[in-house]
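The structure appears right after this line, and notes come after that.
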Amino acid sequence: MSAGLDKGEMAARVARDIPHGAYVNLGIGQPTLVADHLDADAGVVLHTENGMLNMGRAAVGDEVDADLVNAGKIPVVEPPGAAYFHSADSFAMMRGSHLDVCVLGAFQVSAGGDIANWHTGAPDAIPAVGGAMDLAIGAKQVFVMMTLFAKDGTPKLVPDCTYPLTGVACVSRVYTDLAVFEVGGDEVVVVDVFGTTYDELSARLDVPLRRG
Amino acid sequence: MSAGLDKGEMAARVARDIPHGAYVNLGIGQPTLVADHLDADAGVVLHTENGMLNMGRAAVGDEVDADLVNAGKIPVVEPPGAAYFHSADSFAMMRGSHLDVCVLGAFQVSAGGDIANWHTGAPDAIPAVGGAMDLAIGAKQVFVMMTLFAKDGTPKLVPDCTYPLTGVACVSRVYTDLAVFEVGGDEVVVVDVFGTTYDELSARLDVPLRRG
Amino acid sequence: MSVTICESAAEAVAGISDGSTVLVGGFGLAGMPVRLVDALIDQGATDLTVVSNNAGNGDTGLAALLAKGRVRKVICSFPRQSDSYVFDGLYRDGRIELELVPQGNLAERMRAAGAGIGAFFCPTGVGTPLAEGKETREIDGRTYVLEHPIKGDVALVGAHRADRMGNLVYRKTARNFGPVMATAATTTIVQVREVVEIGELDPETVVTPGIYVDRVVAV
Amino acid sequence: MSVTICESAAEAVAGISDGSTVLVGGFGLAGMPVRLVDALIDQGATDLTVVSNNAGNGDTGLAALLAKGRVRKVICSFPRQSDSYVFDGLYRDGRIELELVPQGNLAERMRAAGAGIGAFFCPTGVGTPLAEGKETREIDGRTYVLEHPIKGDVALVGAHRADRMGNLVYRKTARNFGPVMATAATTTIVQVREVVEIGELDPETVVTPGIYVDRVVAV
C-alpha cells in the first residue's frame, strides 16, 4: 500500500469542502488542524462548544489568557466579531442544527453513517464523552477525519461499528489518508482516492463501494 | 355591610406582608399599586415578565422611553442594579420558582387555592392569557388582591371556581377589601378583618372559615 | 451561512412564501419590527401564521397585515388589548384562527425549536382549558403538560444594533422575544437602528450571535 | 432573597451539608471556582455528589476534594484528562461512582432544573450506551430520549465581577457552566475577582441576575 495523505494534507482536503461563510465546529485533536487550511477570505466562523463563536487561532506568548480556551482547553485568541455565551446556549446552538459543518475524529464509522469515537469499550477504560454525542447529532453536516486503517491494519470504515456508538446515521463524509467517502446512503461512494486505487480499497474494506 | 379598605389601603396591606429583600412580580392592574407602598429600605426587587429585574417606577415626562416598559406596557424607569433578559429567560426565572412573591388580580379564588383570572367564560369574550398562567404557578408564594364581592354581590372567594382556571392549588393568600384569607389548606383562615366581622363574613361566604 | 446586510426593508423581506409561519418580535410596540411588518404588507405573502405575543395595535403594523386578510392564524398570548379592534373584529367574525398560548410557554416553545428539543414537560397551564387534550405526566410529585416546539419559516426581529457578522444587541425591555425568535426560524430577518463594523460590539455583550441571523436592515 | 457579600471563602461555603449535591462551574480551569473548592475542602462536608464538566486536574481543587474521599459520586461529561489521575485511581478502585452525561445534556439538564422544566426530549445520545434504559419517543420523524433535570443543593460558580445586588458578569470562555449552575441550585455561591457598587454594571450586560445568587466573595 503506497503512502496517502499526511495529517496536514488530510486537513487541507477537509478544508476544501467547507463552504464559504459556514459556521463550523472542529473537534479536538486532528480536526483542529483544519483551521490552518481555511482561507481567511472564506469567512468561515469557528464555534467552540465551551461558549464562543468566531474563535481565533491558538494564543502564543503574552496572548495566553486562562479565561479564553478552546474545547481542548488550549488558549486561543479573540478575533473581532466574536461572541461569548454559556454552555446551555452553546449546546442549544449545536443541538438546534445551526452549525453548518462539524468535523470529528473517530475510532470507527459505519457505512450507514454511525460513528464511534468516545469509548473503546475496553473494560478498564475510563469513559469520557464530552461534547462528542452532541456534536455528532448537532451539525447540518458531520465530517469525520481519520486514518482509514488502525495501526493493526483493521479498517475503521466498517459495515457496523463494534465500538460503543457516539451517534446513529449522522456522518455524511469520511476524510481519510487514502480516500474520501460519502456514507449514510444505500452505498458508500468513493469521492477521492490518494496513493491507492479504487480496486485496492474495495479489496481491503468490508463495505460495498461505488465509484463517485 | 360597612366599608372596608380602598384600593390604596389594600395595596398597603399586601405590601406589609412582602418580606425584606424579596423578588416580587406585581401583576398588571391593581397589584401594580403595591409598589407605591414598599419601603425603599426593604430592598424588594421587582420583576417584570417582559424581561427586567429591579424594575423602577412609572416614567414621567422626558423619562419615557419606548424601549422600556412594564408588563402592562407602561413606560418605567431603570434604577441602578437593574438587569435585562429575554422572554425565555424571564419565564424560566418565574417557572423555576425563583421569585419569592407574585401578586395577581382575580375573578375568583377557591378555598383550595385555585385561581381564575384570565377568562370570564363568556362565549363572545376574546380570550387573552398573557403571563397569568406562568405567574400563577411560578412564584414561591402567590398572593391575590381583589374585592371580596363582585359588583352584583356574589362572592369571589368560592368553594370551587366556576370561571376557567388560571392555575390549580397555587394561591396562598387572598387580600380583599374586607378581609385577608389564607387559602390552599384544609380550611380557609381569616387572618385580618376590615370594617366587618368574622360572623358577617361567615354568613356571606360559601366557604368554611376558621379564625386566624 | 453569512449574513446579508440589506439596503431596504423590501429587500430584507423578499421571498417570504404564502403559507409561511412568521415569528414577529416585540411586546406591544417595544421591540416590534414595524418596518419589516410594513414591508411584508407590501411584499404580498398571504395565508400566513403569525406568532407574536400580541395581535396588533391600532391600524398599523401587525394590525394592518391582519386587516388585509393575509393572516390565517395567530399564535399569541395576549390578543386582547385596548386598541386590538382589528383582531377583535376578525376573530368575532370567525375570519381568523387563534391559538392562545401562555406567554412563558410561547417563549419556551420557540426556545425548544431553536435548541433542538423535541418536546418538554411544563407546569404552566396544568388543569386549565389551555392544557386540555395535551399529554400530562407526574414527575417528582408535580404534574406537567407536554409542550411542543413552535418553529418559524421566518422571524422578523427588532434589535438595537448589528455588526456586519450579524451579531445583535438589543436595548432595555425591547429585547423580549427577539433572541428566542432569532433561534427558532429558518430565516431570521432583523431590523436595527444601526449597523456597525466588525469589532465595534463587545463580544461579552452580544445577545444574539450572528449564526442566528440571515438578513439585517438598518431603518 | 438578598445576596450576602462574604468576607472570606470560608464564610461563603459555611453550612454545606454532608450528602449535598454540589454543582461546580468551570471548563477545565477556566471559570473553575478554585478558592471555593479549597474552602469546601476545609469546611469538611462529605458524601458529596459533584456535578461538573470535568473531574479534577492534578492534585488541587476538585482533585484534592476527591483525594480526600469526600465525593461519593461524580456527574460529568469528561473525567478523563491528561492530569486526572486522582479521579482515575478512585474510579479504577471502585471508590467513586460516575454518571457520564454528554456535555450538552449536562448543561440542558441543569438549565431545566433552573427553568422549572420537568423533563425534556433530547436527540443527543439516542442509540448509544448513554441512553440505555431511558424512555425514547419519535417526534416528527426523529427519535429523542427523555432527560430529567439535575438540581443542586449548592452551586459553586466562578465569575468575573459582581455588584452588591449579586448581578454577575463573566469573562470570555470562563462563562461556560456558571450561568446555568447559578439557576439550578438552592444556594448559589460565587467567587469573583471584584465586587462593585450597585450601578457599576451595565444592566444590558448582566449575564446572571442577582436573583440567582445567594453569596458572593471577592478573592
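By letter and in written order, the chains are A, B, C and D; residue numbering begins at 1 in each of them.
Following the convention adopted for this analysis, contacts are C-beta pairs under 8 Å (C-beta built on N, C-alpha and C of every residue); 3 or more make two chains touch, one makes a residue touch a chain.
What you see is a predicted model, and the numbers here were worked out from it, not measured in a lab.
Q: Compute the centre of every chain as the mean of its C-alpha atoms, then state which one is farthest from the centre of chain A.
A: Relative to chain A, the chain whose C-alpha centre sits farthest away is B.
Q: Looking at chain pairs B-D and B-C, which one is connected by more C-beta pairs in contact?
A: More contacting C-beta pairs are found at B-C.
Q: Distance-wise, how many Å sit between the C-alpha centres of chain B and chain D, to the nearest whole number?
A: Roughly 35 Å, centre to centre.
Q: Compute the distance, rounded to whole Å, between the mean C-alpha positions of chain B and chain C.
A: Chain centres of chain B and chain C, defined by C-alpha means, are spaced 28 Å apart.
Q: Roughly how many whole angstrom separate the Cα centroids of chain C and chain D?
A: That gives a centre separation of 33 Å.
Q: Rounded to the nearest whole Å, what is the centre-to-centre distance of chain A and chain B, using the mean of the C-alpha atoms as each centre?
A: Result: the chain centres lie 54 Å from each other.
Q: Specify, in ascending order, the residues of chain C that touch 2 or more different other chains.
A: Answer for chain C, listing residues that touch two or more other chains: 108, 111, 115-117, 122-123, 170-172, 203-204.
Q: For chain B, give me the residues that contact two or more of the other chains.
A: In chain B, the residues touching two or more other chains are 52, 78, 84-85, 92, 94-95, 138.
Q: Mind giving me all the chain pairs that touch?
A: A-C, A-D, B-C, B-D, C-D
Q: Mind listing the chain D positions that touch chain B in their complex?
A: Result: residues 1-2, 111, 113-117, 163-165, 167, 183, 198-199, 201, 203-204, 206, 209-212 of chain D touch chain B.
Q: Given the complex with chain C, which residues does chain A contribute to the contact?
A: 19-23, 43, 45, 47, 52-54, 78, 80-85, 92-100, 138
Q: Which residues of chain C touch chain B once you look at their complex with the stated criterion?
A: Chain C reaches chain B through residues 27-31, 53, 77-81, 84, 87-88, 91-92, 98, 100-108, 110-111, 122-130, 160, 170-180, 207.
Q: So in the complex, which bits of chain B are touching chain C?
A: Against chain C, chain B makes touches at 48-52, 65-70, 73, 78, 84-88, 90-92, 94-95, 114, 119, 124, 126-134, 137-138, 164-168.
Q: In the complex formed with chain D, which residues of chain C make contact?
A: Touch residues, chain C against chain D: 108, 112, 115-123, 137, 139-140, 142, 144, 148, 169-172, 202-205.
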